[in-house]
Amino acid sequence: MIVILKPGIPSSEVEIISEALSEQWNVKVEKSVGQHKTVLGLIGETALLHKDQIQNMNPWIEQVLRIEEPFKRASLGFRHGQASTVKVSTPNGDVDFGKNHPLVIVAGPCSVENEEMIVETAKRVKAAGAKFLRGGAYKPRTSPYSFQGHGESALEMLDAARSATGLGIITEVMDTADLEAVAEVADVLQVGARNMQNFALLKKVGAQDKPVLLKRGISATVKDWLMAAEYVLSEGNPNVILCERGIRTFDRQYTRNTLDLSVIPVLRTLTHLPIMIDPSHGTGKSEFVPPMAKASVAAGTDALMIEVHPNPAKALSDGPQSMTPNQFDALAAELLPQRVPALV
Amino acid sequence: MIVILKPGIPSSEVEIISEALSEQWNVKVEKSVGQHKTVLGLIGETALLHKDQIQNMNPWIEQVLRIEEPFKRASLGFRHGQASTVKVSTPNGDVDFGKNHPLVIVAGPCSVENEEMIVETAKRVKAAGAKFLRGGAYKPRTSPYSFQGHGESALEMLDAARSATGLGIITEVMDTADLEAVAEVADVLQVGARNMQNFALLKKVGAQDKPVLLKRGISATVKDWLMAAEYVLSEGNPNVILCERGIRTFDRQYTRNTLDLSVIPVLRTLTHLPIMIDPSHGTGKSEFVPPMAKASVAAGTDALMIEVHPNPAKALSDGPQSMTPNQFDALAAELLPQRVPALV
Amino acid sequence: MIVILKPGIPSSEVEIISEALSEQWNVKVEKSVGQHKTVLGLIGETALLHKDQIQNMNPWIEQVLRIEEPFKRASLGFRHGQASTVKVSTPNGDVDFGKNHPLVIVAGPCSVENEEMIVETAKRVKAAGAKFLRGGAYKPRTSPYSFQGHGESALEMLDAARSATGLGIITEVMDTADLEAVAEVADVLQVGARNMQNFALLKKVGAQDKPVLLKRGISATVKDWLMAAEYVLSEGNPNVILCERGIRTFDRQYTRNTLDLSVIPVLRTLTHLPIMIDPSHGTGKSEFVPPMAKASVAAGTDALMIEVHPNPAKALSDGPQSMTPNQFDALAAELLPQRVPALV
Amino acid sequence: MIVILKPGIPSSEVEIISEALSEQWNVKVEKSVGQHKTVLGLIGETALLHKDQIQNMNPWIEQVLRIEEPFKRASLGFRHGQASTVKVSTPNGDVDFGKNHPLVIVAGPCSVENEEMIVETAKRVKAAGAKFLRGGAYKPRTSPYSFQGHGESALEMLDAARSATGLGIITEVMDTADLEAVAEVADVLQVGARNMQNFALLKKVGAQDKPVLLKRGISATVKDWLMAAEYVLSEGNPNVILCERGIRTFDRQYTRNTLDLSVIPVLRTLTHLPIMIDPSHGTGKSEFVPPMAKASVAAGTDALMIEVHPNPAKALSDGPQSMTPNQFDALAAELLPQRVPALV
């Protein structure tokens, strides 16, 4: 951080400010004296500082400028520029998520409707090459009158699908009160877009062992998103996967959200964490999923999450964005050979 | 809802669709047959229906159009066009929020820092005319490294401030696990902008008795917001106050958010619920609070929430948007006489 | 501007960069040498510089930070903190726009439909207290199949309305080719939201004498807007009025745009130019105009632009947002006494 | 369009409304009478109608719903579902833009700086496989103090580059007054994002023969964009190419705009017009261009526009988003073989 002092500041005030900074915030203060202005550089854990609080310390402070990112464990520099691998155990063996690994596909229905449908879907997506089954037991719905998920009984159905196929399970946890039950079944815990800044939940998934899939909030900046990841990381859980699923913009007529694929190269310059793209929520229409899935792979995503339902027309939620198993077969066959992982 | 059928549909298919609609969704179906097109009108609890699910029922369905709002208990029609009153008990007596009551001012610091500061602030804002003290015990912060609130001990300090002044207490609950503890002290439970679609939390505050202050999410549409209120109402708690605190737009350089004051007349046409405006979060700068507070009152708000801190420069959070007690005195003196409540 | 150099830069490179900066950009360079980092401060016409171009000058440059605004003639500092007055001659006498003058109301229909309606409307709005008549001769319409305005013949009708009432005329110019014809009739030239960054047009209205009403583009930041004003000012025309008319956000269901009233206090801290608010376009519905007009005055606007049509139901454009003359009478009677101009 | 009448409407009023609709708007009106509600279907050129004007016709009208798109010549149905080809003559032969043709690459600098640089760049991009040279003679710049382009003399330099290489020329026209001069040199006229709703300009480029590249405005919805294309088409020029170059969203920290690649599949369902993507403006950083260019091709774009500058660090505009000729060589070599045009 850079603190610019006002012209004409007495040198005694410069000393007062420098000492206050180094004492209060535990940073090293480096003074640069020019003819008209004096500039202080702060060295240390500046990610923990807030511009406004420094600004308010002393009326001789003209401006405070941040010149580094406020996230730390999520930053690329934290791993010296090396991408991290999130390794997930599944009955079929370990699956690695990351820049240096093959494309991972997660597929399944929006919500778990009954045991037959979830087991059947699991078999189909496994046959097509998916490594994980997605499916909601607890569903965040805009309306209280919409289907809210089957809850605990759906967790049992997911467990049955896991036993039947060996696929890993990714499912959402919406409430800290459900965490233990969900973590018993899930191989990866999903924190949904609407809960991306539910900090109580982030802290608790950070304090347990299962890997976390962190969906980007619909109006979260990339920085907000990485700060949410930082919550999980700072509690001790290093296994976070970032999932883009579309942001909210002024145009919502033909797509449900605006899928922001530029986050792929942007995140590569900022963080070591693996990247997943969800073109199903990103577009909201199954016919738009294949082109956007291909685009995601071309842009370098590490993983994809795709909604597949045995009968989208009868789905209890998100039918319009769900592919049929046959459509998914064709797409997976096209995608899986394409991803040549970068060399380690 | 209106279901438009494709030209050339056989009359047998019209029957099949009509019956399926009335059976599956428990609505009355009214058929309008024209020369080229047949249109079905659905009458009943259509707030519970989803366009997409109906669309997917049958390939002869051309389009499904919603012609009524998806919220019900929150709608103005639910109370036959009459504004509701949210009455809150405080040690100083009942306070009424609503279109037909005088302006209510809620004031206090962003977070409860220590007992002395919160009691002192409470005394000052009470003297200026505020009826409620705000103050965060649990703080949602973008960074895990920022001050997170003093938690339970802050709740005790709020209780002390309440005893000392008789003001009602409004404070945020962030996690269902803390609900009981917060509800013991708070006279109104605040659900923050980041948790506006934390549906687990909404259901639980809806299933208890304390009134709820529901802040609008930074990217929530008015409809999303009213649907979130519907979650609380549908669980049985009729006492919801809606609080606008700024939305996220493309311009974030000079204000923290964009305060959307047009929600005041918009909400009046849609809902019976009382309206509060928070110009402190809405602008992020204390110097912008007085003009926006005056504008809010001129546009007809029922209540205001304003951040006041005895020493904004030393605040542990949100210092730049906090007014001093003296500044607040002057503002409240200007605002309180202005609001002439509409006649009942 | 502040140029931060990388640690370890040889002093010869510091000299090379300093000289290049002062030669290429004609600024004074002030060097501040610290223990680890050297910082260069640039003094002079830095509004003309671009961060990126400086960043690219030399690989030893770590970061370039702008610490002042890129606009100059539009800035508050350009007039040493004093608000400017835009004085407009009308047949009824000079009208002053600015912080230190009474509220000015501009009213009239979206488009000039025929001579009778525009003269009649002019008489009504004059009687209610408006000082200017608005009315489009050339209309920017989203669809090529919508009414595009009567063009030159409408200018003649506006001239007739001016003769009949003595009101000043504000009308939009959409094409540099029409500038001369429009300027012959208009007392104030309006540049519409869609043309806010039509730089060819801005330069030409800047190179003539009539005052300019510059509407904010629907996705223009406050900075973009002031830079557009700077185009006009830098061509020699000092008479620019800024008009907020709503921005485009994610929520467009109940209002046409989101009226951003916080620009009023924000602009007061940045610029000396007068401010107008257009709640008709800002909300898109006539019933929302009175509360938002009152809010604008409470927040300190210098002027209001309000759409009035003798028969909104038959209007060729923007009927839903037009008030009737009777509705406008009532609103103007409430608004005009309220504005107490700030002391000079 | 569907007009829903209020319950209890007398049949005489239904007749009055039906006749007024068919007379005023020249549409066929089809009546559907149900038990409680009567619905009118409007058949004909409903693209030309406005909901609000119909709504205002009669107080018995409850709601007006649009069930078809407001654009016509731009719609996919206008060509019976067939993609159109925009054929452009260049000295090197005709180049076809469209879904059924190979990928076309347009490359070159942001602005034409001098003859040597533009000829040199043209040779390099031609050698790499580009078919068109881009380069601005007239530059829309946010600041009046930034380089505004060399104007007419730059047009001569583009002409020289065309002679030297045989590449087609794409350059922007910003003012109707310059149209003739620009059209003399350009093979394709570019209408920039800031002028996408400069309707005077759209009409004039629609009334001449050169193909038009229509960039999407930064806050234009897909519908606004297609309506802007409709302006050009309705004036008689059928040769319009649509170019996505990023939209403005709430997050502008790491990319200049948000490149909306989902427009590719969306536009395929709405329009027959060819599609181009500009990842240079879309991201604003040259390092993000290759992944987004690959993603664009994977999603099915017909053409790409890429900024290339012989020395980005010295560019007079947009240096940070320009690739070097060597970087462009590598990218083009990867992209050009990939696009397998769809079968005719």
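The chains carry the letters A, B, C and D, assigned in the order they are written, with residues numbered from 1 in each.
The rule is simple: a residue touches a chain if its C-beta (ideal position, glycine included) is under 8 Å from a C-beta of that chain, and two chains touch if they have at least 3 such contacts.
Chains and their UniProt names: A, B, C, D = Phospho-2-dehydro-3-deoxyheptonate aldolase.
Quick caveat, the model's predicted, so the values are computed rather than measured.
Shared contacts of chain C and chain D, meaning chains that touch the two of them, come down to A, B. Chains making contact with chain B as well as with chain C: A, D.
Between the chain pairs A-D and B-D, more C-beta pairs are in contact across A-D.
At the interface between chain A and chain B, over half of the residue numbers appear on both sides, which makes the contact a same-residue one.
The distance from the centre of chain B to the centre of chain D, with each centre set as the mean of the Cα atoms, comes to 40 Å.
For the pair chain A and chain B, the distance between mean C-alpha positions equals 27 Å.
Centre-to-centre separation of chain A and chain D, using mean CA positions: 33 Å. Contacts with at least two other chains are made by residues 219, 248-250 of chain C. For chain C in complex with chain D, the residues that touch the partner chain are 47-48, 50, 52-53, 55-57, 70, 138, 140-146, 148, 174-178, 194-195, 197-201, 203, 217-219, 224, 227, 230-231, 234-235, 248, 312-315, 319-320.
By the touch criterion stated above, chain D contacts chain B in their complex at residues 2, 4, 30-39, 41, 43, 62-63, 65, 67, 219, 248-250, 252. Those residues of chain D that touch chain A in the complex are listed here as 219, 221-223, 247, 249-251, 253-255, 258-262, 264-266, 269-270, 282-283, 287-288, 291-292, 294-300.
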